[in-house]
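Just passing along the structure, written as structure tokens.
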Amino acid sequence: MTTVSIIGGSGYGGGELLRLLLAHPCVEVKQVTSRSHLGEYVYQVHPNLRKRTQLKFSDPAILEPVDILFLAQPHGTAQHHIQEYAKLGSKIIDLAADFRLRDAAFYEQWYGEKHTAPEWLKKFVYGLPELHRAELPTASYVSGVGCNATASNLALLPLVKADLLDTSSPIFIEIKVGSSEGGAEGNSGSLHAERANVIRTFSAFGHRHTAEVIQEMGVTDISLTMTAVDLVRGVLATAHAKVKQGVTTKDLWKAYRAVANENPFVRVVKEQRGIYRVPEPKILAGSNYADLGFELDERNGHIVAMCAIDNLMKGASGSAVQCMNLMMGWEETLGLEFMGLHPI
Amino acid sequence: MTTVSIIGGSGYGGGELLRLLLAHPCVEVKQVTSRSHLGEYVYQVHPNLRKRTQLKFSDPAILEPVDILFLAQPHGTAQHHIQEYAKLGSKIIDLAADFRLRDAAFYEQWYGEKHTAPEWLKKFVYGLPELHRAELPTASYVSGVGCNATASNLALLPLVKADLLDTSSPIFIEIKVGSSEGGAEGNSGSLHAERANVIRTFSAFGHRHTAEVIQEMGVTDISLTMTAVDLVRGVLATAHAKVKQGVTTKDLWKAYRAVANENPFVRVVKEQRGIYRVPEPKILAGSNYADLGFELDERNGHIVAMCAIDNLMKGASGSAVQCMNLMMGWEETLGLEFMGLHPI
Amino acid sequence: MTTVSIIGGSGYGGGELLRLLLAHPCVEVKQVTSRSHLGEYVYQVHPNLRKRTQLKFSDPAILEPVDILFLAQPHGTAQHHIQEYAKLGSKIIDLAADFRLRDAAFYEQWYGEKHTAPEWLKKFVYGLPELHRAELPTASYVSGVGCNATASNLALLPLVKADLLDTSSPIFIEIKVGSSEGGAEGNSGSLHAERANVIRTFSAFGHRHTAEVIQEMGVTDISLTMTAVDLVRGVLATAHAKVKQGVTTKDLWKAYRAVANENPFVRVVKEQRGIYRVPEPKILAGSNYADLGFELDERNGHIVAMCAIDNLMKGASGSAVQCMNLMMGWEETLGLEFMGLHPI
Amino acid sequence: MTTVSIIGGSGYGGGELLRLLLAHPCVEVKQVTSRSHLGEYVYQVHPNLRKRTQLKFSDPAILEPVDILFLAQPHGTAQHHIQEYAKLGSKIIDLAADFRLRDAAFYEQWYGEKHTAPEWLKKFVYGLPELHRAELPTASYVSGVGCNATASNLALLPLVKADLLDTSSPIFIEIKVGSSEGGAEGNSGSLHAERANVIRTFSAFGHRHTAEVIQEMGVTDISLTMTAVDLVRGVLATAHAKVKQGVTTKDLWKAYRAVANENPFVRVVKEQRGIYRVPEPKILAGSNYADLGFELDERNGHIVAMCAIDNLMKGASGSAVQCMNLMMGWEETLGLEFMGLHPI
């Protein structure tokens, strides 16, 4: 068995990762750390794990070497400790934002602070297999992905790959998100009485995840607008863009099908009948799928490209496990077979 | 007392209208019709009205003359009967879409069918006081407003009025809506188990309400994209557009404040602190307010303009009562004083 | 105009009270205090009040005399200051639990601490008009009501008044509550991601509100079991009890109708058709109604008695305003006319 | 591979069963029938199955023999066809209510109609492994379980097994349910706008599932009261009963632990800290666990016993698959390993 540990396991991303790793047939979880829940059973924080593990949260200061070290700490922590972590595990997968960007200046521009371990940025591979599958088998260090960035990147992927996008036109991505994105700490606006029934456009521009879309898609005139809605898990990105002159719906079908065929977790959802005709995050809770869809106005080239994911799965821990599978040479879908539920 | 009747009172719009009219100090409700609920107490369908009225649903075929006739039927009905309705009431306020557009050809283009009473189109005033206040005191026939059109029109109004919009750039309006928009009949996708937790972009282009925005705002390169979210009452329109070269946040504040000052039901919401910094429909349930907000990226002129309303109030019955007040020379806010609830 | 102030106005109960008082035709609000939001506009905390008042939160240490002083502080505060408050207002209405119980020993039994102003307990009238209407016109000091106690007391009221209850059998009251009961501060379990979709029986026995039911209904073998469900506003109490030998459904109808006839805010909901056949809190948001219903198993005398209220209205601020109306000799329903919404 | 078919696969129970069987390592799904969706891909109705199967709904009139036949039709259908079904599969597992009761007179009493195949009632084993594990390995015919009955039976199981219940006192079971219980057809009250935010005690007595609790627990003075709440999947039963004189919390712990030890899908949830201290259905979506908890008032012997399940899993399809595993001599937990999600 491959040994793994999770540094920072009491948050939502860490908990989801732990759930996946406990069920994974090839790994053994050695440690899960949490300073605030030190000594508690992990199932006291993540109640779905009851009767499935007797692990307790351990002290992040006392770490044993493992084959793969997962980092699931708040942003800005890992870059201070990466040197020591690298001694504990020859492979590191970070879920936070510390090592997602390849360029220190670009990082500073979007995060408003100097990166403290800039020399490490180049060592990491951006952890979205749909974009970097070829590099993962030889990677030692893999970054996490922003959930909103992932929904955006995958919404645009078929268009970018097939070179159908008119990059001289601005791209507006409207992203609707559930409350688990806010994390287990939350804030006053995360209280149920304030957050329920909400449609709250809390960020019109400048969301940090935009940087990952710029980096990975190679587009520049792009904005992400974030709206909180009443849901716990799930992200829907609805991207508005222009396709190149003459691009037809048929061209788009071809581009989308190609991406779905190459990627086990990508599906195209574009039905003429039934209730579920477009990508929707609600049926994706717990699954690693990214559901893509599109609608083209052939008169003016306006495309609405959609991507639905579970922010804690494809947008965080699911992609991390998928990366692990590829890094280790295992079946890409191992431990990620859950189909999602209907109804839910 | 001014006498009023509602034709078609068992739907959500009709029920909301009835609630408002029952509490209005200057009117007396004579009849509320419903074929499917004929003879039932209105409170059996609209349970909030229990102990407030002993009215029963009456037969739409047996109508008495009144001072004002409200039409709250499904779209496409009123145009067939307008001639007879006009004999029953010298003033008519229609909530449906039959008489919203001024041009028969434009109607046919968006509704895919010939209008059956095209000569009546010019007689109606579009029933949004924020756009047509001056015409209402002398109007006999007033149309309803589309809820999504209203959120869109009011989101754009300060920009259009102050001539700040770059109309050569496309305008994308992302609209998130609650389930009451679907009406009391619903469809298979309206079942709670399918509709709860939803983020469903059910219409990428071509929503019929777009026509009302084109007509009223005088813009042409505009699209409305509709996404259903988990909420019963409420619409948020988030419009993406470009302002003219050189327009600043200060210019926008001036334009927004001007509109808020002229309109008792328009508020500007743009706070630096607290939970409610931007327009949100959840706190508007039952109120007639339209909350406006904006965010400008001064580097590229990209504006995100927001408008939140209660689709059954400002987006339907509330505006209809506001129109009645203006048509009758009453205080514009009469019967519409409810502030909305917090929390909810 | 009668002058009023609210001490403690940033919580949910205080905010709701402020909303009602601002709209009340006979009162003028002088001060609303908040230590944590000192100097902020009240609409920054209670966004529904925007454009309706320019009041700011003032310092609770600097209070001016008024005709009526409302106390809306956290439990356990008012009893320490009642002496000074009595100098500021000749009439006091407290929303907290400090003065709900008439007996100091009984208070200590349920609250686990000695009351610090026991001599004041007898001076207060329990603030539920449906139980103490006759005493209110001459009362100077009126207590608040527990929201769960109110739903329970009103569920049992027709049975107790008509002496139909078999008090030798235990009474189990199952209470389902929305998240606004938890208050504006909340706790880790109040986070949307943890509180949404919840059915959580968080208190099987021993809820403090039980004391108010024992005191007011004169029953002893009674338990309240509390279950949190996914809703913001609303309480439903479902009481299980036995009626006396021979009591029929007809007897019950008579008893319920009598209570509804005497009380403007009590309605009986027991329909054979339609969607809303039983009391439901969802349609009561913002209204002061208490909807009562029952179902009797005539074979064994098992009665299920239901009461639905809005916890912030009938269960707190609405009853407080109703008490004020009665204390001042005004129409009992003044300022409480809002009917509630459908759908919502 | 063992071959299986599902008759009636377009409903929620049939869809959930199909999801489980598609992922089960020992079975191959041959047919899934649906008259209304004949010829459609199953993933058009159950969108979570997209990219996991190319099965289409087939005609229920054209069935091939299989090793195990699952029946997932509306209640009252299977009893008319059981003779023919028995020729198609030597093992039959029915999800509906047709064969849950062992006695034809008892069936008639609760269902208000004569059973059309009474001679088959004795051939079926009640399909809850926690109650009938020993009989399942040799059973040919296994019934489904009512979801509310299952929550009730498991809530009472530790008390009944250890003989701790005072059966001379009445047992009141308060059951809160999500909307998926209403089925994929729904009714006017199932519309999102009417069903969201609901706390609706839609059945005070006489729910048909009561019969299964009487039969399986051997208690008679018992009532089930049903309340709909805003959730899609999940049931919580909160049972109020009396324990025998002298029974202590310690005795109860012993009884509960014994049941949890014997049953892989039973867990005891009774924590002193953290958010999840009691059984809650929200974290069980998709899992086959039944979480049990209790609270005892030692002064009067009042026990509140709770059981949370996913109505579509442990309350329907999950138990059916668990029965299949036991009938076939496979590992009991096979294909049912999903842990559930947190947060959700």
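So that you can tell them apart, the chains are marked A, B, C and D in the order they are listed, and the count of residues begins at 1 in each.
Operating definition for what follows: a contact is a pair of C-beta atoms (placed from the backbone, for glycine too) under 8 Å apart; a residue touches a chain by one contact, two chains touch by 3 or more.
Nothing here was measured: the structure is a model prediction, and the numbers come from that model.
Centroid distances built from C-alpha atoms place A farthest away from subunit C. The copies subunit B and subunit D differ by a rotation of 180 degrees on their C-alpha atoms, rounded to the nearest 5.
Looking across B-C, B-D or A-C, the pair that copies the A-D interface, with over half of its contact pairs the same by residue number, is B-C. The geometric centre of subunit A is 45 Å away from that of subunit C, both derived from CA atoms.
The geometric centre of subunit C is 38 Å away from that of subunit D, both derived from CA atoms. Shared interface positions of subunit B, i.e. residues touching 2 or more other chains, are given as 12, 179-180, 184, 193, 196-197, 230, 232, 275, 280, 343-344.
For subunit C in complex with subunit A, the residues that touch the partner chain are 12, 178-180, 182, 184, 186, 190-193, 195-197, 230, 232. Taken in their complex, subunit D has these residues touching subunit C: 170, 172, 174, 176, 188-189, 193-194, 196-202, 204-206, 221, 223, 225, 227, 229-232, 234, 236, 238, 240, 275, 277-282, 293, 295, 297, 300, 302, 304, 306, 308, 343-344.
Within the complex formed with subunit C, the residues of subunit B that make contact are 12, 15-16, 19, 22-23, 40, 44-52, 179-180, 184, 232-233, 260, 267, 269, 271, 273-276, 280, 283, 285-287, 289, 291, 337-344.
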